[in-house]
Amino acid sequence: MLHFDSDYMEGAIPAIIERLAETNFCQTSGYGTDEICESARARIAQACQAPEAAVYFLVGGTQTNAVVLDQILQPWEGVISASTGHINGHEAGAVEGLGHKILPLAPTDGKLVAADVRAYCEAYFGDANRDHMVAPGVVYVSQPTEYGTIYSLAELEALSAVCDEFDLAFFADGARLGYALAAPGADATLADLARLCDAFYVGGTKVGALFGEAVVFPRPATCRHRKGADRAIDQHFFTIVKKRGALLAKGRMLGIQFDELFATDEVTGSLRYLEAGAHGVTEAQRLVQAFREKGYELAIDSPTNQLFPILDDQAHARLSQDVSFSFWERTPDGRTITRFACSWATRPEDVDALIALL
Amino acid sequence: MLHFDSDYMEGAIPAIIERLAETNFCQTSGYGTDEICESARARIAQACQAPEAAVYFLVGGTQTNAVVLDQILQPWEGVISASTGHINGHEAGAVEGLGHKILPLAPTDGKLVAADVRAYCEAYFGDANRDHMVAPGVVYVSQPTEYGTIYSLAELEALSAVCDEFDLAFFADGARLGYALAAPGADATLADLARLCDAFYVGGTKVGALFGEAVVFPRPATCRHRKGADRAIDQHFFTIVKKRGALLAKGRMLGIQFDELFATDEVTGSLRYLEAGAHGVTEAQRLVQAFREKGYELAIDSPTNQLFPILDDQAHARLSQDVSFSFWERTPDGRTITRFACSWATRPEDVDALIALL
Amino acid sequence: MLHFDSDYMEGAIPAIIERLAETNFCQTSGYGTDEICESARARIAQACQAPEAAVYFLVGGTQTNAVVLDQILQPWEGVISASTGHINGHEAGAVEGLGHKILPLAPTDGKLVAADVRAYCEAYFGDANRDHMVAPGVVYVSQPTEYGTIYSLAELEALSAVCDEFDLAFFADGARLGYALAAPGADATLADLARLCDAFYVGGTKVGALFGEAVVFPRPATCRHRKGADRAIDQHFFTIVKKRGALLAKGRMLGIQFDELFATDEVTGSLRYLEAGAHGVTEAQRLVQAFREKGYELAIDSPTNQLFPILDDQAHARLSQDVSFSFWERTPDGRTITRFACSWATRPEDVDALIALL
Amino acid sequence: MLHFDSDYMEGAIPAIIERLAETNFCQTSGYGTDEICESARARIAQACQAPEAAVYFLVGGTQTNAVVLDQILQPWEGVISASTGHINGHEAGAVEGLGHKILPLAPTDGKLVAADVRAYCEAYFGDANRDHMVAPGVVYVSQPTEYGTIYSLAELEALSAVCDEFDLAFFADGARLGYALAAPGADATLADLARLCDAFYVGGTKVGALFGEAVVFPRPATCRHRKGADRAIDQHFFTIVKKRGALLAKGRMLGIQFDELFATDEVTGSLRYLEAGAHGVTEAQRLVQAFREKGYELAIDSPTNQLFPILDDQAHARLSQDVSFSFWERTPDGRTITRFACSWATRPEDVDALIALL
């Protein structure tokens, strides 16, 4: 059986496993206060060209989204998200569970459009009853989106400008960030995210780590969200992480993983994290091309590590004999939109085998 | 420098690291639905002599306490805890953060006393204004306690009987459970916990794992807490775990660790988890004896993996040159209660070295 | 100046003020346990033909929506609402503030459509990842809606049938219920609501009272929402009301108001509450007719106490000189949708005066 | 039957009922934005000698405590309270229900002692693990306390000084404030509270109103609690009040009541609120003297409107035939501590009748 179900079916890049073994009996202090975490933080800050950045390590994506939003949102505020955003549909109500409302906007290609955010804010600030309403406080995007699409640099800059205009914080969910960075045509870098966002995270779980998400506050001392306030955006964040059950006792497990992911590969000279992302994208785009060449329709034009072929029942049944993949949704004309996911760990020979089956 | 700061300074038992390496490129489904987690669940249920038990794997202790209490408590209820309980003092308000009140009772030797719980319940149920008050819904204990003391079987049975009397659920925090099971004089087994509690967890983070806590609902289909209700105690627990940000995507990481901890050691024929606990207790009790023999006073009589020597300023300064350990509290007569922790990973030669320094 | 801004600009029907004066020095027990509240409860239950009904008095609408939903929703569930529902847009995130997600559906004429609710539930229950999603638990409607439209009996029956099909609770917000009951063409009675809903409330604040909403659980002992469970739907509701800050100490203030509203008018032989509603509808519909006759367009066809004329800038400026009314929204062609509200207290001569100004 | 059960058994001072009747058909805007509320706010600010004060009207005490604390507390903070504080024991977990921990300290005569608060804060700030703990953020007192005792000016100044020292906010629950102000020996005035507290409320429900509590932020623009921050302490408080279901639609009902309570009595020249308090205290202290003269023991020396006689079973049975009063607690020697409450509405002839029965 060939497995293209998801991008979290394997363990971690070998360097992580090796480092875990090497350091197993080292003694370090807990909760991310150790030197390995320090090193990992420094490497991430450097990769983001954000020397002032505060970096925190959390365990998983839903947790990270909920805790960071809990940190940034004021009690009278909510978070603007595409209605298809992961926080809105597939996190079991984690954000609302901490008392915060999601303000969903209709997406275009899975993405929030700056003009729509502006229109929403104008309507809110122009409404005489706005004190009876949840104020927009944060704009949430995921890069790439749940549909595998990516924001261009210009799109991120436009969103950031709207945030400036209305004093909103800008937060990017990077659960699959490595695949966005490596996508053909991608023009927004880690440094761009650090420049444009108030907070974002570098996803490890789906891009080469066993688990772990690195939250980056590029300019912690100030907060666009609270102009004029001297409150650091990460004020008491450690305690909030603890309160929300997201603090790992043996924090170095996270440090080890990000220190390895943000190490430079000796052979290629590039960051392992970027290489992990590039591998997943390369294999996925090989599949995209093959599906197209064999006449399959793709539901969405995704340049990252996921593809969404539309299969008729016959093709679906035939492929299912040898390949596992995900159901996405049913089309009105009775076909099935499916999802095939590649990752840092996808074996090229599995991709070849799948192509042969198409 | 000798480190006796805490019981989570090292990684994991070697079998876990080996299994991680071996399985690294296996492909499994996520969120704990894989076969390794299945195996680990079966082993834990067997060790607890609770074939019907539902077992879930979470990441850390604060998270587990908050999520399990969130699952069990009804909105009008609170949890009875020793005022010194970990949930009450050292979890940053995680339980209250989810909307639940802790009802603190004064402890004896760090433990809740059944008669005090009964008196509290009698006062509540006898109060004409009780509908204006938080109802006791769950009794929380930790085994061992934050002071390293353990509940005897008789004490647990007495608490369980009070729970029966007042329809309370009984929940045991086993963050360091392995050390309680191995303590000299301990007479409450895993099977006893499964028989007496409605929920408890087997702590991995501090007893041989990189991270991970195994929550056991011994009789999930019924719930003493809700007599007559047909509600399973773990109804929709998966979704609550997700909502609270506690669901690990690559769930097999937890399965691997507990499958190894609950494997039988080939040489000794006993469970690795119990052996890990026994090692920590043995080394700690060697220290206890040495401190006593050298004339030091111990603040608490702890039979597990922690000890609490009282040091005068001179001894404190002298030992601090070569050993790291924790501050616990200051005594009225100007000395310091300290904490030295051993663990599954403590090197006997480090204990010898420390003894030589006393 | 003529005031058509809202339906809560005046005090209460005179009978309430008189009763407050008469009873002012009576001594009664608190929190709704007095005989006046008992009498009011009995009258409401009778008017609903629901002799088993449990009736509770709360203070205001946002509070009532949030507390009732908090009572009914399980932690893994959310509430289906029209996206235009009051809870979704104009209650400052009160429902999310208690940890619950609103699941918004696009409305038709401000109303939820049964088929849309069914489709949503089918999608949810057919989704293999539904355990990562918020489960639909309650269907929320307002009668009348925020747009002044009303659900027909057939529409309510269809929604109730969907609730049966998917084990959902059905909750109706009746903040303006008196106006829906009196609307021309309305065929759903209080008894129908009691038969079809699991919970609803009779709004006093906007229909003749100083404040107050009467929550009705028509069949408290059972709960469609929890088939098979023996849990009463109002189990410990008193304590939840207290916990949520919604318990009025001098509960008889609420009893007095509903006892008077549900008293039979000696002259007309009908309930004062229904008469209060009828008055507001009559005056509003006089305005509707007049606006139409004078050639104004109405944005929505509302049969209750609110109307939504579309005014061009000239008409808007002219009317604003002598009349106060609300802004609703701007049309694409540059006109303004406005809201004029009548109520139980609207003076017919004010309506005449407004008509003369049109 | 003579009723001394509680201080909320009657309606309101006659001036309030008259004003309700007079204004019944006035048309005003909602939510406290009307002129009557404006007038009431100005009168309260003047009585507090706090011209800058922001005043908000809420409905009841539990609601007010929870909403104000929700406003002031940061997510990593909790509120220090006497363990006997109303928020800790008799508000059904309202504060925790909004996610905040109460940090209980043992009281002296029902009161928090400044030295104990200082010791708590010193322990917290001196604890190396404090980031794992809930930070003290607010000090909560009630004036008078649940035991009828009052803080002297010196005691309030000492608490305020501790708040200064540790950057805590100081909040006083004045549900029965009128009785504290009128107590013999009371030396803390409204102006003192305004000077020393960051927030407090003037209770109406128990002191002459039908319902209502007036929250005063004496210096809203600044906040001792957040030194250096430019955040107003009442920033977006209107929206938080709405979110927590505490906003009254017909806000003038609250304005009317406080405008009357803070009007100057034409005959006596003093504020009606103070007179209402004085009446309750006078009658209660007549009872205190009578109980003492007849040889009864009083459990607590309360100078306000409540007294706590200890009755043996015989006296208890005898008095219960003609008088209703409250159970407080059982003494170890088998007698009963009871509570008798007087109020602004207590009839002197009822007090005489009770004295005759002693």
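Residue numbering begins at 1 within each chain, and the chains themselves are lettered A, B, C and D in the order written.
Definition applied: a contact is a pair of C-beta atoms (placed from the backbone, for glycine too) under 8 Å apart; a residue touches a chain by one contact, two chains touch by 3 or more.
None of these values were measured; they are calculated from a predicted model.
**Q** From the C-alpha centres, identify the chain that is farthest from subunit A.
**A** Looking at centroid distances, D is the chain farthest away.
**Q** So the centre of each chain is just the mean of its C-alpha atoms; given that, what is the distance between subunit A and subunit D in Å?
**A** 49
**Q** Counting only Cα atoms for the centres, state how far subunit C is from subunit D in Å.
**A** Comparing mean C-alpha positions, subunit D is 34 Å from subunit C.
**Q** How far is the middle of subunit A from the middle of subunit C, if each middle is the mean of its Cα atoms, in Å?
**A** Whole-Å distance between the two chain centres: 42.
**Q** What parts of subunit D, by residue number, touch at least two of the other chains?
**A** Expected reply: 75-76, 91-93, 97-99, 131-133, 239-240, 242-243.
**Q** Touch graph of the chains shown: is it line, ring, star, complete or other?
**A** It is complete, because no pair of chains fails to touch.
**Q** Taking the complex as given, what residues does subunit A use to touch subunit C?
**A** Residue list for subunit A touching subunit C: 75-76, 78, 89-93, 96-102, 104, 128-129, 131-134, 327.
**Q** Can you list the residues on subunit D that touch subunit C in the complex?
**A** Subunit D reaches subunit C through residues 3, 5-6, 8-12, 14, 17, 20-21, 23-30, 59-64, 66-67, 91-94, 97, 205-206, 210-211, 239-240, 242-250, 253, 345.
**Q** Could you please specify the touching residues of subunit B with respect to subunit C in the complex?
**A** Against subunit C, subunit B makes touches at 70-71, 74-76, 98-99, 131-132, 135, 228-231, 236, 238-240, 242-243.
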